[in-house]
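Shared between the two complexes below is chain A, which has chain B as its partner in the first and chain C in the second.
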Partner chain A sequence: MNRMYSNRVYIAIFLLPALVLFCGVLIAPIGASGYFSLYDWNGLAGKTFIGFDNYKELFTSDSIGFMKALGNSLLLAGLSVFLQLPLALALALALGNRIKGERVFLSVFFMPVLISTVVIGQLWLKIYNPDYGILNVALRAVGLDNLAQIWLGNVSTALPAVFVPILWQYVGYHMLLLYAGVKSVPTELREAAMLDGATNGQVNRYIVLPYIKPIIKISVIFAVTGSLKSFDLIYVLTNGGPLHSTEVPSTLMISMLFLRNRYGMGSTIAVLLILLCFGFALLISVIFKEED
Partner chain B sequence: MKKILALILALCTVFMFTACGGSDSEEAASDGDQVTLKLWCIATESDANRPAYLQAIEDYEAAHPNVKIEMEAFENESYKTKIKAAMSGGSAEDLPDMFFTWSGAFLGDFVAADKVACLDDVYKNNYTSEQIPDVMLSTTTYDGKHYAAPTTYNIVAMYANMDLLKEAGWDHIPATYEELTKCCDDLLAKDIIPFGCAGSETWCVTEYLEPIIQKSIGYEDLNKIFAGEGTWNDEDIKKSVDTLQDMIDKGYFDPSGIALGNDEVKANFLAGKTAFYQNGTWNTGEVADADFEAGVALFPLMNADRATANQAIGGPSDVLAVCADSPNADLASEVVVELGKEICHYNYLNAVGLPAWTPDYDTGDVKPLMIEISDIVSKCDGMTLFGDTAMSADPAQIYLDYVAKVYGGEIDGQGFIDGLTKDLQ
Partner chain C sequence: MRNTSKRKQIIIYIALIVWTIINIFPVYWMFTFSLKSNPEIFGENIIGLPKEWLWSNYETALTTGNMWLYFMNSAIVATATILITLAVSLMATFALTRLIWKRRKTMNKFFMLGLTIPIHASIVPVYVTLSRMNMLNTYWALIIPYAAFSLAMAILVCVGFMNEIPRELDESACIDGCGVFGIFFRIIVPLMKPAVATVGIYTFLQCWNELMFANVFISNSALRTLPVGVQALSGQYTTEWGPIGAALVLATFPTLIVYIFLSKKIQESFIAGAVKG
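Up next, the complex of A and B:
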């Protein structure tokens, strides 16, 4: 086997399929998007080279509204990091302390991740329905009629109404990641701390959290890049409306590509999304490294 | 063991390479004389057109045993994405032989890219202008050549629940705008919501706004604007937008509508929650079957100086076309025109649309409400194709964005004409 590994021809042959797939599925489309982003093209007829005009227009045009969409994504990323992850961490720490019914709770919290996003979207559409939705019905039942809203149709409430199910759905995902980390903390460490008189909170603060820091970093990267790429639930719930108030870069990209036939502009948004995701992943890594 | 491992890995390598290769087996989809033609359309289970499609295909296959038509239906909005993606990047194997499309600029983009087969020979050899009047092909004619077969013909109509109107003391549909506002006030006094409009589907808002604009500036000027030859900067367009917003402000529209889709708004009307529903005449069958006495009319005249009462928004917007790259393009061209004619036939009988093709069958069973609409159309002295169909994709979407802003109250009439003038002209 060692001889086989040392043979470069073998290595090249066996790496080639993965390399071809990697280049074909990931690198080539990114390259193609970068290429098309330099053109004015409706996806059908001839292309016109316009250099970086699409990039300029993207950041300056009011009718496209990219900055608003990007702002929404960054807000979602902030909520994910500062609301969703702490909640997931709290659940992971609680479940990691061998509480009664640990497995049941684990399954229940993880269940939304397993359900199809479209199903979740439909579920929340019903919850938010202005006439028979459980949210408005509950508010009216307790005499808070004035708080009943057209949640997804009102510009001021649509964005938070969309964020709630997105954050709710993936709490379980991050909880599972962190729970695996919590469970990997050696029992000896916990016991040693306990023998020294540490409380549960102190054990979590000084033993568990530093131990699972690499997993927290991964969770933060997933939460931020996931927020920047968020699409499916927003598409189902509002499709970016009303009046583009829930638009994010991904829904804007779909709109440019398939509604406005602006393939060049759609490719530009795709390129920027890739750059933003890479940029934030690197930034988060640097921040965590500096803290170390 | 090492040899077996190496062999398995080598086989995986070969498999991965071969898996990336194309397959020729599906190319022609033919088996001897038997030819299979793929048809993409939006006639899903919930679509009112579906029975007509199925019946027309069944009839065609019975009359032509060597032809099999495989119909695949997609939801309306997702279909727009699918057909554009397939046309822009797809090879012949990815594309159907025949496809549903909207006429006007939507099809025009495909024609300009040489993606659609010309049907001139089929029309010239097999059909007369008595069977299919030239005007019905006008929205699919580019540079004098015909590229599609209409499956129906529809206008925007104002359906009314006459039972609710009677509750409010009205035995007829209001014929003037003053009457309409009086009627709406009377309905509100009886706690009946006059109109419903789906805010989450902006095309539904255009079904209200476009008739008001047309009845204010006339069909000719509106046609010019949609064609990019006229100006949005028109005082009467501003007034039209303000009129719609005035109706919204007075509570004539169900406030929940802003978050609802068209199916929900239509269901509310059919369930007797709203008194009026203004939408395409493809809804006629469902309205006629509702548990109330239904009436139909056009939106009333707003400005007699520039328009007339007998003008309508609509036209033959639903059509079938043939992919130019289809290996069976000639056969598909013949099939698609015949299918269009027969779908049109069954759609008329099912009260799903008006006949773009001159009926050569017994029309005795056509629903009375559909006949009422036929009468309205026969008196029409001008038509404007739906704005989002008449305009090409980018300006159409900008236009729809402004319409959504109007319905959401973000801009008024002045903002509407200023914005569109700036962004589209």
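Up next, the complex of A and C:
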């Protein structure tokens, strides 16, 4: 059988479809994006090599507003790490303590993750609707008429209004990962600490949290890279507007590509996004390592 | 001591129930307003159950709103993606876990890179390639990229399961005269059912909800998938909320039904993809 299993023809037959698909759609395009980013190109024939001019323009041009877009996504990343994750962790710890109805709560909290972001976005469009949305209706009902406003149309409220559903939708995702971690803490560890007189809070602080640190690291990485890549909900809710106040790198990339036909510049944003994602993932891993 | 811990328990429960309401309410609201008329949605009966159940909203969404068409497009794309992902990843996993060659461990790690590559990385080159091959505005323009991006996760899950299948089974099948294909199709694949289910569900969720590729690679309205279709429909019915609600429900209920029956399996697949990746 070993001779049969080492036959190169079989190896090629079984491996090649996956390898071709994977390299063709995922690996080669990374190189191609890097290559396109060095050109001024409108997608048709005739590329002009311009070196790193796209990168320079991206970082210096105010009219593109890349720095603002990047700032928005970094702000989202910060909120995600310091608001969304603690909430997810609190829920995971609460559910991990053999509470009644654990499975039901878990399933309900994870549900928003599975619903299409377009559906979530459309629902929130209706919630934020200035005339009939339940948010303004509720505010008016309790007499706070002056707080009711055009949430997604005001430059000052649009960004927070867009962030709320993004953060809300993925609490369940982080909760699920952390919950799996909490559940993997050996019961003997817990019980030993309890016998020594530790309270629930102390067990969580000194036993559970150190134990699930690797999962917290993964959650932080996902929260940050996910924020950098965020697209769907912003596209549905504001598409970067009003006055570019909710622009993030992905929405900028899509408008460069398909509104302004600047393929070189679009590729530049794509390359920067990939670098930022890998860079932050690496940085977070280093920070977590140094804490040990 | 006992009293404070009891009070703590109650506070935790209240917090959990509040969060439950925050999670369920938007979905409840979506279901109810999909069955209401504008006057009810806009003032008479904003959060209650519909007084008059307007199933005609669904009829409008399905026919004049084209939801039926979008639904079928999504179903076709999802089915083809799942089948291709499964076939390709099962074969690759067989090569990675059973067949004997140097560097197969490296190759496995290489595939795992796919777990971290964002779809942004490929949007321009894939768009350009598809357009040169005249493949924009075909189902394949979505099926091929979706399958490629599902591959890493699929291989991750399949390798885990295939390593559990004892090698003695291969040997006895070989002695009974099975060739490599015989072993693969008659022994391995039938035993991979749990992995097939996990990969199938995960792939389904990814492509059913995907927006960026679907929006960019398809401009022909007859080939739109659900996320893009819902967007189009809500632009078309800005003042009629009932049919929009119906469209949102139609786009969501297949996922929710799968989730109700397989919630544990779905959660496990998300955990596996994250923790090992």
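Here is the rule we go by: the second predicted complex is superposed on the first by the 270 of 292 C-alpha atoms of A that agree within 3 Å, B and C clash if a C-alpha of one lies under 4 Å from a C-alpha of the other, contacts with A are read in each partner's own complex, and residues count from 1 in each chain.
As a convention for this text, contacts are C-beta pairs under 8 Å (C-beta built on N, C-alpha and C of every residue); 3 or more make two chains touch, one makes a residue touch a chain.
All values derive from a computational prediction rather than experimental measurement.
> Touch test for A:Phe14: chain B only (first), chain C only (second), both, or neither?
Both partners, chain B and chain C.
> Is A:Leu75 contacted by the first partner chain B, the second partner chain C, both or neither?
Neither partner.
> Is A:Leu176 touching the first partner chain B, the second partner chain C, both, or neither of them?
Once the two structures are laid over each other on A, A:Leu176 reaches chain C alone.
> Could you look at A:Ile150 and tell me whether it touches chain B, chain C, both or neither (first, second, both, neither)?
First partner only, chain B.
> Let me test your reading of the model: by the given contact rule, A:Gly43 touches which partner, first (chain B), second (chain C), both or neither?
both
> Return first, second, both or neither, reflecting whether A:Gly241 touches chain B, chain C, both chains, or no partner chain.
Only chain B; A:Gly241 stays clear of chain C.
> May I ask you to decide whether A:Val108 touches chain B, chain C, both, or neither, giving the answer as first, second, both or neither?
The second partner, chain C, only.
> Between chain B and chain C, whom does A:Gly24 touch in the aligned arrangement: first, second, both, or neither?
A:Gly24 contacts both chain B and chain C.
> Of chain B and chain C, which one touches more residues of chain A?
It is C that touches the greater number of chain A residues.
> For A:Asn261, is the partner it touches chain B (first), chain C (second), both, or none of the two (neither)?
Once the two structures are laid over each other on A, A:Asn261 reaches chain B alone.
> Going by the contact definition given at the top, which residues of chain A touch chain B in one complex and chain C in the other?
1, 4, 13-14, 17, 21, 24, 43, 131, 254, 257-258, 263
> Under the definition above, what is the set of chain C residues touching chain A in their complex?
Residues in contact with chain A: 5, 8, 12-13, 15-16, 19-20, 22-24, 26-27, 29-30, 33, 41-43, 46-47, 87-89, 91-92, 94-96, 98-101, 107, 111, 113-114, 116-118, 120-128, 144-145, 147-149, 151-152, 155, 170-171, 174, 179-180, 184, 205, 208-209, 211-212, 215-216, 226-228, 230-231, 234, 241, 244, 248, 251-252, 255-256, 259, 263, 266-267, 270-271, 274-275.
> Give the list of chain A residues in touch with chain B in this complex.
1, 4, 13-14, 16-17, 20-21, 24, 42-45, 63, 128-131, 150-155, 238-239, 241-244, 254-255, 257-263
> How about chain B: which of its residues touch chain A in the complex?
Residue list for chain B touching chain A: 2, 6, 9-10, 12-13, 16-17, 20, 80-81, 84-85, 87-89, 109-110, 112-113, 115, 199-200, 255-256, 258-260, 392-394, 397-398, 401, 404-405, 408, 410, 423.
> Would you pull the chain A residues touching chain C in the complex into a rising list?
Touching chain C from chain A are residues 1-2, 4-8, 10-11, 13-15, 17-19, 21-22, 24-30, 32-33, 36, 43, 90-91, 94-95, 99, 101, 105-120, 122-127, 131-132, 134, 137, 168, 172-173, 176-177, 180, 200, 215, 218, 222, 225, 229, 231-232, 235-236, 250, 253-254, 257-258, 263, 266-267, 270, 273-274, 277-278, 281.
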